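Structures follow.
In the two assemblies presented below, subunit A is common to both, partnered first by subunit B and then by subunit C.
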Partner chain A sequence: MSDQQDAGRDQTPDATADEMRDQPTGPDQPARRGLSRRGFFTGAGAGVVAGALAAGGGTAFAMSHGEDDATEGVDFNNSYPFYTGTHQAGIQTEPQRYCVYMTFDLVSATATDLQVLLARWSAAIAQLMQGKPIGAVAPTQPNAVAPDTGEAYNLGPSSLTVTLGLGPGVFDHRFGLADKKPKLLEPLPALPSDQLQKGYTGGDLSLQACADDPQVAYHAIRNLARMGRGTVGTRWTVMGFGRASAGKGQSTPRNLLGFKDGTRNIKEQSDFTDHVWVGDGDVAWMRGGSYQVARKIQMNIEIWDADRVSDQQQVIGRTKNVGAPLSGNAEFDTPNFTAKDAAGDIKIPVTSHIALAAHENNNGVKILRRSYNYTDGISQFGQLDAGLLFIAYMDTPQSFIQLQEKLGSSDLLNEYIGHIGSGIFAIPPAPAQGHYLGEALFG
Partner chain B sequence: MSSFPTASGLPRASRVAAVVLSAVALTAGVVGCSTSNSGDSVQGDAKSPSAGVGKVAITLQSGSSGDTCTVDHTSVPAGPITFTITNQSSTAITEVELLSQQKIVGEKENLAPGLKPVSLTLTLGGGEYQIYCPGGSPETQKFTVTGKAAAAPTGTAADLLTQGTKEYGDYVSTEVAGMVTAVEKLQKDVDSGDVDAAKKQYGVARPFYEHIESDVEGFVLPGYKATDNAGNLDYLIDMRASNLDPKVGWHGFHAIERDLWQGGKITSSTKKQAAELTKNVKQLSTLSKSLTYKPEDLANGAASLLEEVQSNKIKGEEEDFSHIDLVDFAANVEGAQQAFANLRPGLQKIDPTLTSQIAARFQSTTTMLDGYRDPQAIGGYKTYTAALRDSDANKLSQNVQALQDSLSQLAQKVATA
Partner chain C sequence: MSDQQDAGRDQTPDATADEMRDQPTGPDQPARRGLSRRGFFTGAGAGVVAGALAAGGGTAFAMSHGEDDATEGVDFNNSYPFYTGTHQAGIQTEPQRYCVYMTFDLVSATATDLQVLLARWSAAIAQLMQGKPIGAVAPTQPNAVAPDTGEAYNLGPSSLTVTLGLGPGVFDHRFGLADKKPKLLEPLPALPSDQLQKGYTGGDLSLQACADDPQVAYHAIRNLARMGRGTVGTRWTVMGFGRASAGKGQSTPRNLLGFKDGTRNIKEQSDFTDHVWVGDGDVAWMRGGSYQVARKIQMNIEIWDADRVSDQQQVIGRTKNVGAPLSGNAEFDTPNFTAKDAAGDIKIPVTSHIALAAHENNNGVKILRRSYNYTDGISQFGQLDAGLLFIAYMDTPQSFIQLQEKLGSSDLLNEYIGHIGSGIFAIPPAPAQGHYLGEALFG
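For the complex of A and B:
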């Protein structure tokens, strides 16, 4: 279904298993577990299943829900390669079920420390993405400390991807890298309705670890943070517990507002080329990279839940059940932003979320959204503290700025959400074997 | 902001026919009322009460242990009754209301010491009422009307609901008129350069908007797009830091609040903002005359006001500089309560259980809020400091949430086809 995405999708399950047998550090081989997604497709034929899924869009909710589940079993043995030499994984990769996002401050002021960290992280990420520990889980020397913390041992690669970002601070006066700075990498400007909190904002480096097993994702972040101590300190983190965006061929999931999120997300290769991957216009080493904007968006869950469904639909611009634009009947109907109802009112309110965000109304601007639902428990006000970990990729940060200037100033949804966290990062391309992330900075 | 603009940029509240702002029959024991110009607190009612009209004098005074609200007769026979309110010296009390079953059946606002007495004539049927002097002592006192009770409201649930929407329309008109007076006074105080007086008047002026925000927040000025905050009247009057649009900048109440509290002084910019606020509130007053309401508009508006409480007041975002969030909080609750009270006779026929549940939860919320009253504080409620927020926000939020959850059931019960 997504064969034209990251090269890793073309790996056969056997190839993955072979690599795992090579695992050098663990005494036991990680057990294979879980459903194989490919098993479904081998038997039924991907085209047939995809066709059923598309048809499901117009049927009753319960039915389409069941179909969604049937087509999206999880293969915990699936893995993606790290050393592609092209784009980093975790961007075009179809979104996994869980994600841990963390940003870091560089506490060491030498470029060499940064260089060593990026090299070590690269090697570790490559290991982790293959489902391997980053060293012995139980060293034979009894007085040794385990290099790998162990909680992901035997869980399989679980489609883990770890995506590294370089914040504006990497290119400030501290490291002498100013001449390598990506042309468009600047801290985001103040945007309308920003409610940013210092504790969820900024960072010199970012790591996005996504996997189909939450513990695999957490293990990756935990061990990379551990490896970085002394060079980086943790800044802010969000744990995404539910996928809120779809890749090509995936059904559209729902965010915590209960609405489908990402129906019109970027899925086609041409859109990735045109809107996500940096081409020749930036500094040379960014070619094949991207820009990442992360926003922690708190949702006022309780008051949203007390809002009538008709209003919710007007706020979003889509129906809650099917996810159809208010001008249409099926989820993937192209919204008609000028269609009027019998009373002469525009069917999709001009200040609804989808109307403001649509590329038709933004000079063709598109971004790749790769968001996750998060919860932080209960707030000091006794309210459920939850929302959307919004992560987007684009070839220029101006795309996000332009969209958010519009959304922040007049989105009906602003009553129910607040952007409380923010970060912007340049995403270097993936290294080839024998190289590491960001190597070009130190040439 | 659930009451958002439709495609044409006008509020969702239906606007087919203008409300006729005349004397209306009131439910809950009130058979009719006529009032002097409700928004005009400066001039007294010129008319002499006609023969046989009951007369009640209410006097507001400052006292050594708080301001007092004295009523000369707390029991009168049914019929037309004229209340004459004299504010001799109270600065804490700025309004007096007559309540029946949580509903305001008559009120006078913008009461200031030393001004001429104002009067209000209501035709009341027998029954129990309350005279409510927020910030005074006693705050609420029983007022008995003896004799024949007004005929119970008759008609179908739909008729009663429709009647309720008309009365609610009058409430909105009263609030808008009160707001015009209050911001004019605020502008005067700002122009005089008196920071303390302006702060105090800011606390007086805020509740008018907060009572009815959900009804009037959808107006877009002519010539502006719905997506442009420069023409969004709600933005221009009530924007705050958390929805700041840097291209349009600071305007309205909170721009003035910021100068008075954060800056601690009145500048030429403050004066400009105060004048602009008056202009925009007058504009709002004109535009709001076109509003009419369906029963579900009242229900949704009430829910929307409580939404405002939860999303802005409890977090202390609304009044970021003055910290009078509890004043707005109480005003949102009062506005929601008035919308509910006007639906109540009709709702009683449709779902008596829900009616009493919502009434009880309003009672619980207002009782809780009474615990935060402070007549000395600006706006009459305790300052919502970070410490108070840390200790009490959870309790406040959960109480309002319970009310909002039951209130959110209301719209589907009263919705018209």
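For the complex of A and C:
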């Protein structure tokens, strides 16, 4: 493989050398579902391919054909159950490809209206997650208005999950629920990187609809918003795409900075138990629930794109191609935050994103990230307007606050991003059959 | 099957009766890739399924298992060639699931800058359509800026096509190309339904990137925009989703009105020859090219959702479930625009959308529609902001003008939609290997 290519000057080179550098080359490499067969059979010269295969002992070749190849397809018939009686879907669920996130303000101040809405939403969500419309698309009564708007008809469940959150406002003076308030459910404090815009903050309720088809996710939010009219009004929304978060066994997708995002995300069951699900330490009805923090993070991608890759790697703490920590060689190598290079400089800068966010450097704090890329088109200045819909789950919002106070103060990434949207919500556990989300509040 | 269900009152009924009504029941039904297996094995009671199958002779059961089931998956390894020397991809190509459409203003008034941009874009588009980055994601030179932004790395070609259009401005006084101007390339005249907003109109160049992964489509547009800096600035953009257009052999997808959209779209090769591809009647270099009309059509979906389905069907001229013309029973029945019901009323209202748009009622005019759903989130009034990215191809823009003058004046749909964005572009033919898009302009 040649290192002579000056890719910075040549906009249309053969990417062969670069592509080959990023292929797994041995049995120690983790499964990579994102790996495409095409890289082996086209584009790269056959001789180069043969050489790489020889170097890697042939393992890469085998890996590019099996179940690890995410490019094979998507199962739109897959569905998840709603009435589990344990955790809501859409948290530990393997991340789907699309997300529509929306928050709502309660416009009714009657507890019964809230109760009825939660009951009706629950029944509708259960139906939607099975790929069914919430009532007839075309009722047979001549003058009936259709309960379902129809655009997802016959598209399949597409792994839809809808996750409901209850904001701090649910527990204010309006509904008589103050004594049920989760212990740590308060509006987030001002954080050092905040550039919040009023149009993207807060909400009394949140709905996160994730699916492998955006039309299915949008249909769910649209119909739930419609069902809520008179009780809730819309507040802010983001539509996300791009497999920007990775579950266990998944390849790690890339955010719009072009870097893999989620390599060290929570995957083990023990971490969900210890860091995501609320246990005995909170109000009783929250057991099995979680806290959701949503942030709309705008990325100045055109400025980022003008930065040298060597600098980008210092900002993130990982290589761009492979996603390896700067102290290692492979993506899933454990970062060594004290390793130094030959010149005595620390390999992973202490102000890099992964150093600041690592649980090793934060008294063991971990959060589950479940993020998606978004674009809002073109800004008023003619620049590409895009970023990350960051959604995180944790057993206490203090985890996010602690991490973000640190990241917001020191993160080299702050030059390129701004947190423009924010919300915090308590996630109740999932109801058992015959019950509904948040029912325990009204007992 | 029961007709007693008052779905308008009950928001969470069992949708069984309605679902069954929309299944194909005999061998005369067209192939329906959108049909899901789930409808047969879950949700519906087994007895109802058995009854429906008996009535349909078992054909529906067989159809739900074969290649007609679109919910089986997506081939992210599929790619299309760029250097065909005939038509650009992204027109007759089977519609992909996502589209990012963007127009640009030329900020340089130098013909050479335009020429270099078209050559560089062509080489980059060819590379992108093969699923390759446009140069290294992480160049090996220590201080190099990456030519490719990286977020689509290893996602596969995902059926990406990028289609280039040349707006009227290319042929104005600036570049000395006035004598090459396509005969009918003029800004569209004012049309009766126009509610155009400056932020969504015009452009000297257009790029339509369609793919089965939105991250792949966005990556293409982002990198081409980046490559064009100094020569072009961004003008307007729409990101579309949802299989809102149908090719030959595809099931017909639904727009955000909940109706099937594209049932009578152009599918036959003879129609492409007669109605889409420019022949000998225009400037020579346009042979094999086409004209592109893009419209951003805002839909007042919340008002639409409050309308009775019986009225919606009169507005469209088709049934909502099946998509059959009101004169027939099955989706692909040819509409009979003179058929009357028992009371003597015409079955398909003359002011319905399909009656006004039908080639039978427009001297044989046909256009290829290649549309996608979009959402812009929530409007300043708290309403869902969504609609249709309408992109059409035709051998003369007069076809669109003629149709839209009629639709804009009489279409019952105008109460629910507004054309807020607009652009017109000449689509050059595809280059042969070693050439580039629009090369004939500089001969």
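Basically, the second predicted complex is superposed on the first by the 371 of 443 C-alpha atoms of A that agree within 3 Å, B and C clash if a C-alpha of one lies under 4 Å from a C-alpha of the other, contacts with A are read in each partner's own complex, and residues count from 1 in each chain.
By definition in this document, contacts are C-beta pairs under 8 Å (C-beta built on N, C-alpha and C of every residue); 3 or more make two chains touch, one makes a residue touch a chain.
Keep in mind the model is a prediction, meaning the values are calculated, not measured.
Novice: With the two structures laid over each other on chain A, which partner does A:135 touch: subunit B (first), subunit C (second), both, or neither?
Specialist: A:135 sits against subunit C, while subunit B stays out of touch.
Novice: Contacts for A:255 in the overlay, against subunit B (first) and subunit C (second): which applies, first, second, both or neither?
Specialist: second
Novice: Quick one: name whichever of subunit B and subunit C touches more residues of subunit A.
Specialist: If we count touched residues of subunit A for both partners, the winner is C.
Novice: When the two structures are overlaid on chain A, which partner does A:360 contact: first (subunit B), second (subunit C), both, or neither?
Specialist: neither
Novice: What is the contact status of A:76 with respect to subunit B (first) and subunit C (second): first, second, both, or neither?
Specialist: In the superposition, A:76 touches subunit C alone.
Novice: Is A:151 in contact with subunit B, with subunit C, with both, or with neither (first, second, both, neither)?
Specialist: After superposing on A, A:151 lies in contact with subunit C but is clear of subunit B.
Novice: Is A:375 in contact with subunit B, with subunit C, with both, or with neither (first, second, both, neither)?
Specialist: In the superposition, A:375 contacts subunit C only.
Novice: Classify the contacts of A:308 with the two partner chains as first (subunit B alone), second (subunit C alone), both, or neither.
Specialist: Both subunit B and subunit C are touched by A:308.
Novice: Considering only the touch criterion stated at the top, classify A:186 as touching first (subunit B), second (subunit C), both, or neither.
Specialist: A:186 sits against neither subunit B nor subunit C.
Novice: Would you mind listing the overlap between the subunit B footprint and the subunit C footprint on subunit A?
Specialist: Comparing the two interfaces on subunit A, one with subunit B and one with subunit C, the shared residues are 302, 306-308, 382-383.
Novice: Please name which positions on subunit C make contact with subunit A in the complex.
Specialist: Residues in contact with subunit A: 3, 5-8, 10-13, 15, 17-19, 22, 34-39, 42-43, 70-77, 79, 102, 120, 123-124, 127, 130-158, 213-215, 218, 222, 225-227, 233-239, 241-243, 251, 254-259, 301-302, 305-310, 313, 319-321, 373, 375, 377-378, 382-384, 386.
Novice: Show which residues of subunit A lie in contact with subunit B when the two form their complex.
Specialist: 189-195, 300, 302-303, 306-308, 311, 314-315, 340, 344-346, 349-351, 356, 380-383, 405-406, 408-410, 412, 414-416, 418
Novice: Given the complex with subunit A, which residues does subunit B contribute to the contact?
Specialist: Its residues touching subunit A are 1-2, 4-8, 225-229, 232, 242-248, 300, 303, 306-307, 310-311, 314-315, 317, 389-390, 393-398, 401, 404-405, 407-408, 411-412.
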